[in-house]
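Since the structure comes first, as structure tokens, the remarks are kept for the end.
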Amino acid sequence: MKANILKGLVASTALVATGLVGLTAAHAQDGEKFKIYLSLSYSGNAWQSEAANIVKALAATPPYDTQVELIENISGTDPQAQISAYESMIDDGADAIISFPISSTALNRTIRRGCDEGVLFFMYDGTVTEDCAYNVSFLSAGFGENTAQALVNELGGKGKIFLSRGVPGNSVDQRHTDGAMSVFNKYPGIEIVAEYYSFWDDRTTQQETAKALAAHPQVDGVWAQAGEFGVIQALLDANRPLVPMTGENSAGFRRALADPEMQAKGLRGVSSGSGPAQSGYAFKLAMEILTGQRELEPQNIEYPLPWVPAADVKICEGDSYTDGCNVFPESKVPSSFVSEVLNPVLLPEINVESALNGTPVPGATIQPLPADAVVTANNEPGINCDPCEAAPDMYKLTKVEATVQP
Amino acid sequence: MTATGHGAAQAVAEQLAFALSAAGLRKAYGATVALEQADITLTAGRVHALLGENGAGKSTLVRILTGAVRPDAGTITLGGAPYAPRSLIAARGMGVATAFQELSLVPNLTVAQNLLLPDLPKGPLGLVSFRRVLEQGADILARHGLQRIDPGAQVGLLPLAERQRIEIVRAIENAARVLILDEPTAALAETDWLFDRIRMVTAQGVAVLYISHRLAEVREICSDATVLRNGRSIASVGLSQASDGDIFEMMVGRRVDHSARDRVGPPADGSTPRLAVKGLSGHGLRDVSFALRPGEVLGLAALEGQGQRGLFRMLAGLAVPDAGQVEIDGSPAALGSPRQALRSGSGLAYLPEERKTEGILAGLSAATNVVLPVLSGSAAAGVITPQAELRAAGPSAAKVEMTPRYLGFAIGDLSGGNQQKALIARTLATGAKTLLLFDPTRGVDVGTKQSIYAAIRAFAQDGGSVIFYSSELPEVVQLADRCLALYGGKVFAEFEGDAIAEQALVTAIHGHGGGHA
Amino acid sequence: MTQKQDPQTLAQQGDTRGSAKLSRDTISAATVAVLCVLLLLSARLVSPALGSWNQVETVLVLGFFLVVLSYGQGLVILSGGLDLSLPATITLGGILATSWVGATDPGAWYLLPVVLAVCGLVGLVSGIGIVWLRVPPFIMTMAMSIIVASALLGYTDGTPRGSAPDAAVWLMKSTFAGMPTPVSVLIGFVVVGWLFQSRSIWGRYLYAIGTNLDAACIAGVPVVAMQILPYVISAICAGFVGIALVGYSSGATLRMGDDYLLPSIASVVIGGSSILGGRGTNLGTVGGAILLTTLGTIISALGMEFGLRTVIEGSIVLFALLLLREELFQKLRTVWR
Amino acid sequence: MAFAQHQTSRRAGLPQMLLRLTRGAMLIVGIYLILYAFYAYQQPKALTFSSFGSLMNNTAPLALAAAGQALVVISRGFDLSVAGVISICNVTLAVYAMDGPGGALLSALLCIAIGVTVGAVNGVLVAVLRLQSIAATLATMIICQGIALVILKAPGGSVANWIADEMTGRLWKTIPVSGLVVAFVVVVWLMIRRSRYGLSLYAIGADEQSAALSGINTRRVRFVTFVLAGAIYGLAGFMLSAQTATGNPTSGTPLLMLSFAAVALGGTSLSGGKGGVFASIMGAAVLMLLQKVLFSFGIASFYTGMFQGVALICAVVFSGLLTRLGEAK
């Protein structure tokens, strides 16, 4: 037993010692640069890491490489942990915090405290209702209603459909679904036979779709949020014909839309939805404000809704979206890769390698954002402002028109 | 008796009124019927013995009287009034308290807290007053001659014997009418203190139900006895009218053979000792050396806590010695674990002290329990079936006269005696040539004892070696070829052959007289 | 019965008291199986397509992961422990399968076993920590889970690369003898698992140490090895599930294991095992896993609000627990004597 | 009776001191102070009232969750329903906001009532129906999570301003209110510990059968334990809501595993009968502080988890070693 105790003591001391040595070595500082924190809620899916990678790539691209000290922090899916992380960042003298917020309201008090101390907050994709933060998001651009209308158009106004939703109890999922329902409710011919939660994940989508297929022999279309590639796999697994569907931006889905074999099986639809490019846009905006190139009060900024119907899908030859191509081949990126990460207009200085590895493009320099880049977003109560009035035309269609009447 | 003249008659009248009487008690646990038909009557101021083999239903009867379980049928009266306690506390409220065999003390509380549970004295704010708990606890201990125990000590850290005494004291304190003592001497090396206490409570008119396997004790303190067998009360007798043989017969259902054993002369000294212990120290043992020859049964006699536990645990590979060496068949043995001990040389098989916590594996079948150490031997390519286990366990079980039917049952459902038989069968099944038996018949009835003795003798006759410790000196006298008396962690005296006599052992284990015989 | 009787007559009276015969484990496995069938049949009320053989196949394929996983969890629980590191180990298996092996690597036949071995190593470390450093299983495996997850995050830089090995895709997507391959594999797995747990000496040892570690040690059971073994097996099972999941959905994610921890424990307890160890069968656990999967399928088909679905799911778990209670068993055993 | 060996005399010296150290919360308090020194060395702002206040705010929900969990663990049980109770309380406060001090009091009582209700259900399942606690509370947790989702489908709503501001503020700019709430629970615990119930709690954790045979009503004690724990979870939900100021139907989930980690860090044995509520609260405080320390040292965020995991194992091994050194002669 004594031997055991000794063993344990030695082991634990060694662990602690190596830990502390590592700690002190990691802490080097440079006071000249802007101190910018990148706060992710969690990492672990393609979307989050691509968003982080392009910010890292931008920060390493001249001239930012000499202007910015970028520190990444992953706090987990718990709002409390992100609150704690923000507080540490504020205490540490951050100049700006670029962040994917885990909650639209829980962080408000901390953000307010940071604003008072002169920290700039840039939220991307997700939003907060605190009005001293900048929200850069596509949420107000109408993903739900536009894709729903596109699906209705494909189905000719009637048919049985599945709703593959996101994370239960998440405000983004709710906004998308509300938007979609605003369209579906207009068409009595559209029958929603199954509604399930995919947790924005291919595998879960596939499993949940398989369960729904077991219960419902007939399905004519699928309206899906992220994870859409799982729908296709589940249909193939069950030896069913493919159906018209809408989904987000995974490389797998886009490539399938362009694949003649899949089209022959009946696949049609639109790829739209959330793009990791928002983070790069938010970061560049923050830098332009910090370096005095742009004057902008905190506000809600709309990132344009990506919109790629099947007919427009084009596979790229090179490393970036040139000549109107918008998806990379299987040899370059896995099917879970979120294609809407590059933006030739807003982020011309990065390529697919940046998105995958966080590396800058050799020889590239930061290009200023177009002067008219900033588009103010509509008010969305509880999502990007609170209290506030919703715009009366909140669910108006912007990308597609109703081709069939109810 | 301290009752004086005219008070005596009045006392007798009261006592009779306080008698407890139970009739037709029955209790089944699921399909297992523990008690079929039990009747018993206790008289105030007298000590009544409850006798029976393990599994006869004694514990269940006690639990019913204590209020821990409710009978399925039957009636009980206490002092003439119906008595049907719904809980232990209710029973205590009516003056019936029990000292349990498996001690019911909470290990992480103090002695005083245990004595006063559940109604601890309160201080201001309605909180428990630790000071008053300690005071009252000290008072109680003093009243029963246990001043040496610190009322603030944590119970779990006390030796077993002291815990047993505290258990008894607590029961006495709560027993206004009936005191139930379930195997009160299991962990006590001597009975003087206990019998003093019993005489004190009977003098106050309390009826005592006394449960023990030790007939000598029973005869010393009890006036009447009820015998239980197979869940039925077979008879109630005045102890003065029944011989030991009668009582055994009622308990077991057959005559018990009490013939003196024939000692086989120890083999020639020239042979290599099977087990040689040289200068072993640690865990209460100080520099102990001895040798065990093939075919020899070596008994250890000692009071509680003289290092015998340490000796067995070191030999079994459960404890590491501070110094000394152990040789098996002449070569040094590394005893790192019981598994290693089993596999060193001709093997050491250990029968642990605590049947419940170290012995049986309650949920598994008796057969599995028996063959567990030798599973790899009875398995073909690692696959084992219950039938194969039964077959493999059969021969060993037969050696201890265990009914084959029981082998298929979960061992936890068997009586204590059958559990013990299975554990002895296990040590035999290992094939080890040396058995380390710690109190092989603790809490076991007469019939089972005889079977176990027979098995041990047969084993020695086949050339096996046995070293055993027993808390009962007669057992040592009856079974051992040679005997070591331990005192203070050392071998105080050694006896051989006919020199092993109870009187000599008693003095030796108390550290008097003797020297090396 | 207080009069004195002749000892000879008394001696004739045998032990007439009965004893328990029917094994508790048999009953719980049977109960769970009956519940499964009842659920499937009643599902027809919800939708006519449910309760068909087609749906049974879907349930079995979807249940594949949980069955394999809860077998490992069941062994750990049987030995008196608990394995909270399953989610991270699943992810480890999945990520290594995609990043080391990839779709068409001809070395898959030896690389996949290496992946399983690496997962087993995680279990080995947990087991060693529990036995030698005496960290409670709950804490040790939880810490391992955090450590492995974080190492994977660092290893992948947050983005798992590569695609599913062909072997894994074959495992989940092909059909074999008219049945989906995963179903055939599942049957084989359950049989082997049963042999190991109920008919092998190691299985016996696990029951023994789960029942009473000290007593098992004294009885000569190799307790150190036997305490570590279930964690290794459990980790290998988890790694296997990771590979299978990758084959099923053609890619790994860093959170692919997260949803399986609580169901793996729930399957074991619903299957009638004691969470404290030493009791239970793997057939019960398999039943529990399939019951949970069936339930998920049916509830998902009901098209209810997610909150209500969750409430119903929890209630049915509770119902199963109440049904498998110890007292009820006692009564059943009495009635069926 | 010369032979009777007395082991009751009080042992003194280093081992005894070690034993004392591990019995109480000294060890974990020591670890906390050392960690805080590291933190303050790296981040001088750590010593300001505002920093300490926000750390307390962060710590309070987990500390309370761990306090309730510790009660159940001492009684030799596990309570997974902590996550469910906190979620329900949180969404309830977000949906039915009641402003002002009176509203806050009502809200707190409402949360406690929710906790007590769930605790009572657990109590019945475990104490009366004899289900294994981990299994029974797993089921109640799932049900509670469902109820939380029924009350509030998506994150949103807002908690009353008074609660959000005052419960996370500082009295006289110095004493954090959240700290006072935790301190209140500690005081209540110190009283409970000295009550009959408190002793019974430790007794059933160490040996339920002996406790029953000693006349303790084990069912009642077990039941009360779950109810008390539920009440404390309710408070945890209240404090969490004050901190996040919004509703989130899954807000309790992250606290589930952390509450066990905190209990174990505090040296409370998961096998029952040992440990304490205060030590578990300090365990929670150490966990939260550890995040800050790792942050201040600039650990690459990918590997934060590795440090947390290793720290957890080390702490448990270390306190186990001290205990064993103390118990060995």
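Chains: A, B, C and D, in written order; residue numbering restarts at 1 for each.
What we mean here is this: contacts are C-beta pairs under 8 Å (C-beta built on N, C-alpha and C of every residue); 3 or more make two chains touch, one makes a residue touch a chain.
No experiment lies behind these values; they were computed from the predicted model shown.
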Name the chain pair with more contacting C-beta pairs, choosing from B-C and B-D. B-C
Chain B and chain C have mean C-alpha positions lying a whole-number Å distance apart equal to 41
So the centre of each chain is just the mean of its C-alpha atoms; given that, what is the distance between chain B and chain D in Å? 43
Could you state the distance in Å from the CA-based centre of chain A to that of chain B? 71
Go ahead and note the Å separation of the Cα centroids belonging to chain A and chain C. 35
Which positions in chain D touch two or more other chains at once? 149, 153, 249, 300, 302, 304, 310, 313, 317, 320
Mind pulling the chain C residues that touch 2 or more other chains? 133-134, 153, 157-158, 306-307
Give me the residues of chain B that touch two or more other chains. none
With chains as vertices joined when they touch, what's the shape: line, ring, star, complete or other? other
According to the definition of touch, which chains form touching pairs? A-C, A-D, B-C, B-D, C-D
Can you check the complex and tell me which residues of chain A touch chain D? 1-2, 5, 8-9, 11-12, 15-16, 19, 22-24, 26-27, 40, 43, 71-74, 76-81, 83-85, 87-88, 91-92, 103-106, 108-110, 168-171, 173-174, 382, 386
Considering the complex alone, what residue numbers of chain D touch chain B? 1-10, 191, 194-196, 198-200, 202-203, 205-207, 209-217, 273-274
Looking at the complex, which residues from chain A come into contact with chain C? 4, 7-8, 11, 42-46, 48-50, 52-53, 74, 168-169, 192-197, 199, 201-204, 206-208, 210-217, 230, 233, 237-238, 252, 330, 334-336, 356-358
Residues on chain B engaged by chain C in the complex (per definition of touch): 28-34, 36-37, 39, 41, 229-237, 246, 249-250, 253-254, 316, 318, 337-339, 342, 350, 352, 357-364, 368-369, 372-373, 375-376, 379, 382-385, 409-410, 413, 426, 430
Seen from chain D, its contact residues with chain C in the complex are 125, 129-132, 134-136, 138-151, 153, 249, 257, 260-261, 264, 269-271, 300, 302-306, 308-310, 312-313, 316-317, 320
